[in-house]
Amino acid sequence: MAAPLLSIRGLEVRYATERGPARVLRSVDIDIPENAVVGVVGESGSGKSTLALTLMDLLPGNAQQSAASLLFEGVELSSLPRSQRRRLRGTRMAMVFQDPMSSLHPLFAIGTQMVDIQRTKHPELSSRDLRQRAAAMLTRVGVPDAAARMSRYPHEFSGGMRQRVMIAMALLVQPKLLIADEPTTALDATIEAQIVELLRDVRSDIRGSIILISHSLGLVADLCDHVVVMYAGEVVETGAVDDVFGAPQHPYTRALLDCEIDPWAAVEKGAALPRIPGAPPDLVEMPAGCVFAPRCPQRHERCGVAPALKSLDGNRTVACWLR
Amino acid sequence: MARWLLARVMNTHAGAFGLVTVVVLLIVAIAAPLVALHDPNAIAPIDRLQPPSLAHIFGTDHLGRDLYSRVVYGTRVAIGVSIVVMSISLSVGVLLGIGAAYAPRALDQLVLSIFDIINAFPSIILALALVAVLGAGLGNLILLVSVVFIPQFGRVARAQTLSIRNSLFFEAEKVLGTQPWRILLHHVLPNIIGPIFVLASMNIPVVITIEAGLSFLGVGVRPPLASWGNLLHDGYTYLDQSPWPAITSGLALMLATLGFTLLGEALRDAIDPKLRRER
Amino acid sequence: MSYAATRRQVLAGGSALLAAATTGLLRPTPASAAPDKIVVRVDRDLANLDPANRTGPIDVNVLNAVQQGLIAFKPGSTDWQLDAAEEIKQVSDTEISFKLRPGLTFTDGYGDLTAEDVKFSFERFIKPDSAGKMVDYASDWGALDHVEVTGPLTGRILLKSAAPALWVITLADGSGRIISKKAFEKLGDKIASTVIGSGPYIFKEWKPREQFVLEINPDYKGPIKPFFKQIVGRPIQEQKTSDIAFQANEIDFERFEPENKKAFSALPDTSVVELQGIDYVWFGPNIEKKPFDDIRVRQALRLAVDVDAILAGAYAGLYPRANALLAPNLLGYWKEAPVYKRDLETAKKLLADAGLADGFKTTLTVLSDAKPQAVAAIVQANLAEVGIQVDINTLDPGAYWALGEKDGSKVLDLSLIEYSGKFDPSFQTQWFTSAQVGQWNWQRWKSKEFDDLDAQGAKTTDPKEREAIYLKAQQLMDESAAFVWITHNVNTYAAKSWLKPGLLPNGNGWLYTAFSAA
Amino acid sequence: MKLTAAAVAVVGAVLLLLSLTLLIPGDPATMLLGPRATPETVAALKAEMGLDLPLPTRLAQFLGRAATGDLGVDIFSGRPVSTMVLQALPNTILLAVSAILLAILFGLPLGTIAALKPDSIADQAIAFLSVGFVSAPSFVNSIFLLLVFALWLNWFPVLGAGTAGDPLDQLWHVVLPAVALAVGWIGYIARLLRSSLLEVLNEPYVRTMRAYGVPESVIVLKYALKPACIPTLAILGIGVGELLGGAVFAEVIFNRPGLGSLIYGAIAVRNYPVVQGGVLVVVLLFVATNFLVDLSYLWIDPRARARLALAGERSA
């Protein structure tokens, strides 16, 4: 099978806290195939967003990462100098953030912002051209009378419209890898549905892969080919969406699904948080053994030792002793 | 609480420096009679404007008075004035502020516009205008500088009180029939103290400067009472004959403002980072 | 050109310092030869240039240069010379006749100076103005009855009573300035700020709080020969700033604190002028108040205070000691006045006799300037040694001078007072009469005999007799033991070495016409 | 809304000023006449100055006249206070404006540098300087600058505000006093800007820019500096007040014929009409600048514009 667009091996991320380092990502291995849409699911605090920021190299100052390998289009990212890493952003990679309100600059017209974000990708184009591209793209993502809206400020847009702008930005730079971090969570149900529509609609425009980070299984089931289930900073199960959701192998995946019987319902009532007895572990003082053990209905003596991610048939993987 | 605060303040260099300086100044101010080596007003016409010597470690001024002792007593004036001023404007301001918050709209408005009026004057200018009328002197100085600072405290107190009055548990307490003064005591005051305290400590260096400034202009503390401002002005006048009066008093003044500024900021960051931007 | 250079640098965003250096070089460096323009420092701005309502020496000095009197002061003396008058004489005790020089003209085309103008100028002082208000200096002409014009250029000044003081107090000084009747009627209130004169200088320009400019009057016809083409006066509030400006060659002449004499003498291209004053600084009790009503207490005060220490301390040992009211260069100077040496024993004894063996508390009221406060501090220290505890009450000018009205002085215990003197003894004695109690006689000292002497002295014309009168008057003051004389002041001036200032003995009277090259 | 508040403040200020003159010990009349005053002349003069009227009457008169630009007359020279004040005003404005410009000119870059490399040597040095600057009172600075740059180095003039009509000469004379006033504010602005810039650089919208590889220089200079300046702007409002206060010292020490030295000089001799007029104009100046500062928000922040428009509709 073809080499993946991005392959992550042994990714570790720590945040320095008053109480000591919090290990938010631990020995994470993920492969993102070419032209695939990969969903990353898990409770909040499972490290989904950290994963995204790591890939974008946008981790805050108090975070330190180390990865055995971070291979993107055959290039080892972790060995790239920062300047070149920067040049990847806005050209090969782009990201759509969770909260469209705070993610657009309140003091500048969106036109200005949409022009500046293209410059790394298209240094050759004049500002006028960039403006036209931006306007066109706004129309594409369904912002009415785009040309005029270009000179308006974020606070003059509705939440949904803002998210459309964010998506437009992402499309403008034609990234090979687009990361969408909870693109719909901040929106209310009806708007969310529209944005989901839009995402499905523009899916084909992107000649690359998409990582869709969400805690809404419904959304993932709806948009993704592959899914990665994360818990407390570790990958517990991966595989094709239908397989994983159809026949979950990891108790945690099952638990998640149990909380959300009908994915569509979830979408309607807006991403209900899974209710699983107990709480995720403290990332500063991790318990030994399987991270999920404390909350696991099928816990047994072997869980005292952490299970490795093992491959099953139909190239899925799971980290549990029961398999 | 106190220990925690101390720790927070001491853990930055600036904070530590500020605290130490201020403590030293306070000791000097309180123990001035012990710290000073001579009577600050003892005149010795013969050895006027002497350079530093063993007898007079800062030298002497134009009347042969011991500069070191005068600087020491100047510390007492500077710090005394600023503390008294702060406590006056603090208490008056807080009372007015809380009062306004509880008072009927009209009264509240009145208080606010009084604050506005006071704030319409640049502080030094207001002080000068008041001096023009009341005349100079320690008492008047304290009085009029206090007026200048009342609004700041008033506004903070009022804002805090209002936010509590509009909060849910205030309603709850009312329903439970708790007396207003209890609520005041248990919920309002504790919330006010932090910011007010910070505000006061941030304003002390300002007051010190104003006192010195007015005294420098000869409309502040009256000689022979020693004030850094007076010393500086005399020093300036006799600069050709001896630079020491100007240098020593000037340095004392700057050290004090520096110390209090640093301490004030350390306290602010420790107690209430939100205030960082306000002034 | 050089400015252009500087401007370029500034426009080029060139560093301020560079540009600064250039202008720095442009600034006048001390010239050895006298230029035709000088800049003098005045300690406050001109205020009122109407001779009859002037506010002090700074105004008068300008008026004396721009307007003529019948007579004018001789530089450096209390003596006078002819100016507008070709001849003038005391015909009798109550009559002075004068004859004006022909062809004197006012500036700005206000025509010839005639006896009519003289009459108008002088009689203004004794007639209330349109608003019914007397001019501020009315008292200068208190003795005037009227002026009679006997010809275009001749007239007679007729007095109600003999007034020997008239010559130096009034005729030669501000109140003797001759203004143009025409101008006055035309300008009205504006004469407070516009000076029309016939004098050696014209009042060229006045930029309030920046500078005033005097320029030689080409049409001046009179005996006085001004030297400098232009004299610029710059008001400077802060003494030290002025000192620095002098050292930086921005001004050529200033008065400075005698304490700084050494420093100034050390400056390059600088000559220091010292001038004994005729003011009188003293302190004393309110003798209506206990315990000061007891002469023994007053004598004790006089002996307990160390005047020499005051002069050494507060006056840096540079001021001459005063032992009586009148200064050495005045008529009536009391050479043999007793010089009281400090004598604590006697002082204590006197207090004991007065039943105050263990002293008492009292207050010393002083003006809020540096010197009075220094004096007060020393007096405080001195009196403490005989058990008298002194609180010092410093008042700023407004409050202090307010003591001179509404019987404000009633509340005083001890007070330190400084009055400025004039060239005629009668001017000095007038404030100590019983009539002045409640106004300027703050010590409320009443002596019938003194009152008579004062009245008599004001009328007597014969110098010898007058001298005797004023000596007696001062002896009375001495006997009362109510006055502890300190100094007549000394004035020190710094001038660029090429400049010779024209000063009058009182120190603040400057004859701009007499400023010349050294 | 703000305007009315300002108006109230100003009127109140006038009232305050006038009522103060009631408490005067001794009065200008005597002050003016010195040891020559007879009760009659004093009385006459007081009548002339309207000191004998009851306060409300005087207030009404003063406001009425002030509205027409008449602030009464100098009790010594009889010159209209309004002219005196107007002559002084430009000098003070020039001084204040140059001081502010200096403060911004130096404070902005320093603050930015400090924020770009937090806790670097540069940052520490700047922090140290700033604190030092903040604690140096304007009159100490004035004396120091006067001695060093005017007297010893002779680079700048000592006296006054320069000859009117020669901008260069006036610029010349304003340098030292302006620096004396600005120094404290350089430090203050630098530190304020540093902290707010650091906050802004952690905002999500900055992260968005980074996510598209927008160069850091563009991010800081174009996108971060603008929002970071808002708090600084707010402080400038107050700053002008302190500047006008500090101007008194600078003007006295450098003998600049400005409002501060005018008021100071008048106080010493109890020239109340001048004190009143001078202070009133300073207050107006202060209130006006604060109003301008508020306006400048509208210019910077579109949300503020929106809010204003909204309020407009409501009131309409």
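Per-chain numbering from 1; labels A, B, C and D assigned in written order.
By our rule, a contact is a pair of C-beta atoms (placed from the backbone, for glycine too) under 8 Å apart; a residue touches a chain by one contact, two chains touch by 3 or more.
As the structure is a computational prediction, the values presented were derived from the model and not from experiment.
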Chain nearest the overall C-alpha centroid of the shown protein atoms: D
Relative to chain A, chain with the most remote C-alpha centre: C
Computed distance of Cα centres, chain D from chain C, in Å: 38
Separation of chain B from chain D, taking each centre as the mean of its C-alpha atoms, in whole Å: 22
Chain A and chain C: spacing of chain centres that average the CA atoms, whole Å: 91
Where chain A and chain B are represented by their mean Cα positions, the distance between them in whole Å: 55
For chain B, residues contacting two or more additional chains: 135, 218-219, 236, 239
Sites on chain C at which at least two other chains make contact: 396, 398-399
Chain A residues counted as touching two or more neighbouring chains: none
Chains that touch, pairwise: A-D, B-C, B-D, C-D
Residue ranges of chain B in contact with chain C within the complex: 41-43, 45-46, 48, 62-64, 135-137, 218-219, 222-224, 234, 236-241
For the chain D and chain C complex, residues of the former touching the latter: 24-28, 30-42, 44, 48, 74, 76-79, 84, 87-88, 146-147, 149-151, 153-161, 164, 168, 171-172, 175, 252-255, 257, 261-262, 264-265, 268-270
Contact set on chain D toward chain B in their complex: 5-6, 8-10, 12-13, 16-17, 20-21, 23-25, 127, 131-132, 134-140, 143, 147, 192, 195-196, 231, 234-235, 238, 240-246, 248-249, 252, 260, 263-264, 266-268, 270, 272, 275, 279, 282-283, 286-287
Touch list for chain A against partner chain D, complex: 56, 58, 60, 86-91, 94-95, 97, 99, 102-108, 113, 116-120, 153, 155-156, 166, 169, 173
Residue ranges of chain C in contact with chain D within the complex: 3, 6-7, 10, 16-17, 20-21, 23-24, 27, 44, 46-48, 55-56, 131-134, 136-137, 139, 189, 192-193, 207-210, 234, 236-238, 241-242, 244-245, 247-248, 250-251, 396-405, 408, 419, 431, 439-440
